[in-house]
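Several structures are given next for inspection.
Shared chain: subunit A. Partners: subunit B in the first complex, subunit C in the second.
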Partner chain A sequence: MSARTINSRFLLAGKVVGVLALLFWSVGPIYWALATSLTRPADLVSKAPRFWPEHVTFEHYARLFGAESVSQGNTVQSVWPQFSAALLNSILTSLAATVLTVAIAAFGAYAFVRLRFPGRNLVFVLVVATMAIPAYTVMIPLYRLMIMMGLIDTYVGITLIYVSAFLPLALWLMRTVYQAMPLSLEEAAWLDGAGRIYTLLRIVMPLAAPGLIAAAILTFLNAWGQFIVPLVFSPTLATKPLTVLIPEFVTRNYVDYGLMNAAGILAIVPPIILVIFLNRYLVSGLMAGAQK
Partner chain B sequence: MTAQRILAARPAYQFGEAAMGLAFVLPIVVIMGGLVFMPLVTTVIDSFYRVDPMRAGEPFIGLRNYTDLMTDSNVQASWMNTFAYVVMAVVLETAGGLGAALLLNNIRRGRQWLLAATVLPWCLPPVVNAIVWMWIYNPSYGVLNHALISLGLLDAPRVWFNDRGTALFLVTLVHVWRMMPLTAIILLAALQSVPKELYEAAKLDGAGALKSFRLVTLPLISGGLAIALSQSTVFAFNLFDEAWIMGGSGLDTRSVIIQVYMSAFQNLRFSYGMALSLLAMIASLIVSMIYVLRVYRETRLD
Partner chain C sequence: MAAVDIEGLRKSYGKAEIIHGVDLAIAEGEFISLIGASGCGKSTLLRMIAGLEPITGGRISLDGRVINDVAPKDRDIAMVFQNYALYPHLTVFENMGFSLKLRNVPKPEIEKAVGQAAALLGLEPYLQRYPKELSGGQRQRVAMGRAIVRKPQVFLFDEPLSNLDAKLRVQMRSEIRALQRRLGTTSIYVTHDQMEAMTMSDRIVVLNAGRIEQVGAPLEVYDRPANIFVATFIGSPAMNLLEGRVERSDGKSIVWLGEIAVSLELPDEVRDGAAVVLGIRPEHFELDPGQPSTSALPVVVQMTEPTGAELQVYGEFAGDRIVATFRNRPALGEGETVPMRMPQSALHVFDRDSGRRLN
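Moving on to the complex of A and B:
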């Protein structure tokens, strides 16, 4: 064997090890959560280590969805009322924030790129600069403001805070999308007598669809995973999302890891679906969002 | 400049166009102004007052909040913890992210799937990540102890969070698990913009893999590296979710943002928390600014 083939085999082996390590690191913990959520409570606290569930059980999921169970002789109530309310809250606030953010960014970024109006650059720079300001910096005055306006623990309040937090990234993303679009397309439409609004809705936005999808995915994922905002602004189940509810399954007596892992697995289903089916848009959005 | 000539030739703004632009931007101005800029100004102003819902009056106290912060031992401990989080997270995310990006850049078959798997942790709610890892770290039944014992690396199960250094490291690891994908993607984008011919030229000049990495790759991805470094710094500075779920209000793992949250919403000292949150914001801005400037300057000399 020549030095070259030895070298390339070495390289191939290195790649294989690298791929396996990366997969183990990224997917391993999720596999473990799934395995835990399917393991019987008694097996979870057994001393013998197991890397897969010995007897697959759905009882943790059943408790989330309404079944009562018996633990140490006591009837354990189902957590369905809380779980379903939090799930609905998560879905509603994340979807509302996504729709609003993407709609505002789609029109706003177009204005920043194509329309000339007084204060254009100043507003854009100021808004994008807030990406560097952590949301936590303004949270305390925001709390007092929300109390004053009666928006604590309301969908409107939570959604508005999400929009203010995720709008700069969406605007930045949509601006790079519009900038990459040739002006000649729009000019051709105007020459044909199409108005500005018609051109924007019928010609520009369909072409910008991949960017809009990317912005929507990023916003949804950010909103879905938010913790500190609802921790402060959603004190009750009226608007409390899954991220705040799930850690509360830690009771005073014991930590129900089976239940928490089952709830966690359900909470990561939407993000996993997005990654599997729309990963292309997600990655392009992350790449565009990072290029400054 | 032609742009200036065009601007001079016609009125500065056409009424219809300007009106439409303002209409499109109005929601942005209202939302960002009301929910970010106004509160930010309030934060600065109120940090010089005593705003305290449990006490009457809001007197001006000058720099009292700031001088109190300097001598508060809890605040000092939380600064030390945040400093440790930032250093460990930035080093691990950059090293791991660069490795993952190089690997992804050199793979042809199944790259989409490996990329999806790599990005996945970033997409999940940080709270769920923290819970999943807390179960992995569990002293009695956790898979980490099981695995280390069966590999013979550990004699008896360890209670990981009993030791401050270990606890900080393990919280960092969860944060790194979530944030490393972002570094990897930023660096992958940078790697893909390096022209292939440069590698061939380096090879012809007799440069080995390591040398061509140092002389070709590194200078050309420095822009992406600066962005990745400042991103990971800002996110590690603002670490809250993982540390709060895993360590709660415990001083061993308390970050500055947890301290802000506790000052404001548990001890109900609003303006004290505001002063601290301002300092945290300024610190993270300065540090990430340093990266960007230094990386740009150093690579320009190359």
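Moving on to the complex of A and C:
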């Protein structure tokens, strides 16, 4: 065996180990949550950890979806009312933030690229610079503001905060997308008789679709995973999302690991469905054929 | 179709003025080419006519109506872009019918108009295809089709053939010209390719550094260039230029090129001792079979290139590079000194300092 073949085998082995480590790192916790969600409460606390539950049980899921249960001799109430409300809140606030953010970014970024106005670049830099400000810096002033406007524990309030937090990234992304598009396509549309808005909606946006989808996915995932903001601004189930509800399964006397993990596993489902759905539109090569 | 009038047109970016007061009257139905080197302002001029570049000063009018402040969409001008700028997410049919759809033209009429344009351009089999499924030449045709389908007042072409290969370019050149004749639409065509300008245009406009150097019919510009810039810009290989001095005596004028005396008729304004530049196109040199005459240029041959149709001879006279072309394939050796005659009718005389034509 030549030195070269040995080298390439080492390289291959290195790659395999690297990929496995990465896979373990990213999928491992999800697997652990899944395994825990299928383990009986008694097994969770009494036995040495196992990689797969000895007796698979769906009782945690059953409790999430409305069954009463008995745990360590006590009757445990269903958490379906809380869980369903929080799930709905998560979906509503994340979707609203996504739609608003992407819509504003789609138009705003276009203005930053194609319109000429004084201070255009300065304004853009200022907007993007807000990404560097940590949430806790503005939390207290924001809280005062929200109280003044009566927006605590409302969908509007939460959505507004999400939009202001995630818009800079979406704007940045869309600006890059628009900058890469040839101006001549828009000019051709103008000469064909189209106005600016029509051109933006019918020519520019369809071609910027992959960018819009990417912005939507990023915003949705960001909003879906938010914890600090709803912890402060969503005190009741009127707007409380899953991220804040799930840790509340930790009570003074008992940490309900099974329930937390079952809820966590279910909380993965909506973003996965969304990403799979949007991924179909995330095709490349839309611009092919426009030019020589 | 419409007449286009441009008066005192200027364009500046900040303090840098790049179009310096251009005046140009384009007649209804005329095919006019703007030609010049890169950066001479020809594309900017075209884009100002289209309304894609704001005008710094002057006026552009269409049939007498000033359109300086009219939005591109309301100018009724169609443009074929250098990179075609086809809408990649629309089919050929949708690309061509886009402007009509915007004007709320009923669908049957759009179908008819697009069908006619497609027939004219040989695009009928491709109407349901997307631009990415077409060849470069077909894309070019779609870009043309998009322009003609709406019957605009004026066509603008911004180097539309520069992305095609040589053979297709020649073919499209005649197709565009034939199409324009048939439709009779006023057309302004920007190119840096003088063959395109010469073969397609009713008149050509030679631009240099934001100024018009000459406007005229192609052969007029070729035969009587207004100045040294035009003389060297139009024609390939370029016109030969030789510096000389005028001597006037007894109503006759002679231009001395070193030891060589060239008799010429010059207007009275050209004074004795004036510094001039003599120009002669490569194909106008004649080989002197007889005795070396005083007015023949003794050119030292450095290299010959047979191109098939003709022989190009590169040589030198008094430090100036000379290019001559002969159709009869003379046998000329390198290093040989060949007397080349310059017929008086083929000579162009320019003022050395201003570059202006004198004869």
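Just so it is clear, the second predicted complex is superposed on the first by the 265 of 292 C-alpha atoms of A that agree within 3 Å, B and C clash if a C-alpha of one lies under 4 Å from a C-alpha of the other, contacts with A are read in each partner's own complex, and residues count from 1 in each chain.
Everything below uses one rule, namely that a residue touches a chain if its C-beta (ideal position, glycine included) is under 8 Å from a C-beta of that chain, and two chains touch if they have at least 3 such contacts.
Everything quoted here is computed from the prediction, not taken from an experiment.
*Asks:* Looking only at subunit A, is it subunit B or subunit C that touches more of its residues?
*Replies:* Looking at subunit A, the partner in contact with more of its residues is B.
*Asks:* Let me test your reading of the model: by the given contact rule, A:G18 touches which partner, first (subunit B), second (subunit C), both or neither?
*Replies:* The first partner, subunit B, only.
*Asks:* Answer with first, second, both or neither: which of subunit B and subunit C does A:F51 touch in the superposed model?
*Replies:* Only subunit B is touched by A:F51; subunit C is not.
*Asks:* Would you sort A:N261 into first (subunit B), second (subunit C), both or neither based on which partner it touches?
*Replies:* Once the two structures are laid over each other on A, A:N261 reaches subunit B alone.
*Asks:* After lining up the shared chain so the two structures overlap, which partner does A:G66 touch, if you call subunit B first and subunit C second: first, second, both or neither?
*Replies:* neither
*Asks:* If you stack the two complexes on chain A, which partner ends up touching A:G150: first (subunit B), second (subunit C), both, or neither?
*Replies:* neither
*Asks:* So, A:P81: does it touch subunit B (first), subunit C (second), both, or neither?
*Replies:* After superposing on A, A:P81 lies clear of both subunit B and subunit C.
*Asks:* Go through the superposed model and pick first if A:S184 touches only subunit B, second if only subunit C, both, or neither.
*Replies:* Second partner only, subunit C.
*Asks:* Which subunit A residues lie in the overlap of the subunit B contact set and the subunit C contact set?
*Replies:* Touching subunit B and subunit C on subunit A: residues 286-287, 290-292.
*Asks:* Would you pull the subunit B residues touching subunit A in the complex into a rising list?
*Replies:* Result: residues 12-14, 16-22, 24-25, 27-29, 31-32, 34-40, 42-43, 46, 99-100, 103, 106-107, 112, 114-121, 123-129, 131-133, 135-136, 138, 140-141, 143, 146-147, 149-150, 177, 181-182, 185-186, 188-189, 224, 227-228, 231, 234, 237-238, 240-241, 244-245, 257, 260-261, 264-265, 270, 273-274, 277-278, 280-281, 284-285, 288 of subunit B touch subunit A.
*Asks:* For subunit C, which residues count as touching subunit A in their complex?
*Replies:* 50-52, 71-75, 77-79, 81-89, 98-99, 102-103, 130-134, 136, 139, 146, 150, 163
*Asks:* Subunit C touches which residues of subunit A in the complex?
*Replies:* 182, 184-185, 187-195, 198, 203, 206-207, 285-292
*Asks:* Taking the complex as given, what residues does subunit A use to touch subunit B?
*Replies:* Checking each residue of subunit A against subunit B gives 15, 18-19, 22-23, 25-27, 29-30, 32-33, 36, 44-46, 49, 51, 104, 107-108, 110-112, 115-118, 120, 123, 126-127, 130, 132-134, 136-145, 160-161, 163-164, 167-168, 171, 196-197, 221, 224-228, 231-232, 242-244, 246-247, 257, 260-261, 264, 267-268, 271-272, 274-276, 279-280, 282-283, 286-287, 290-292.
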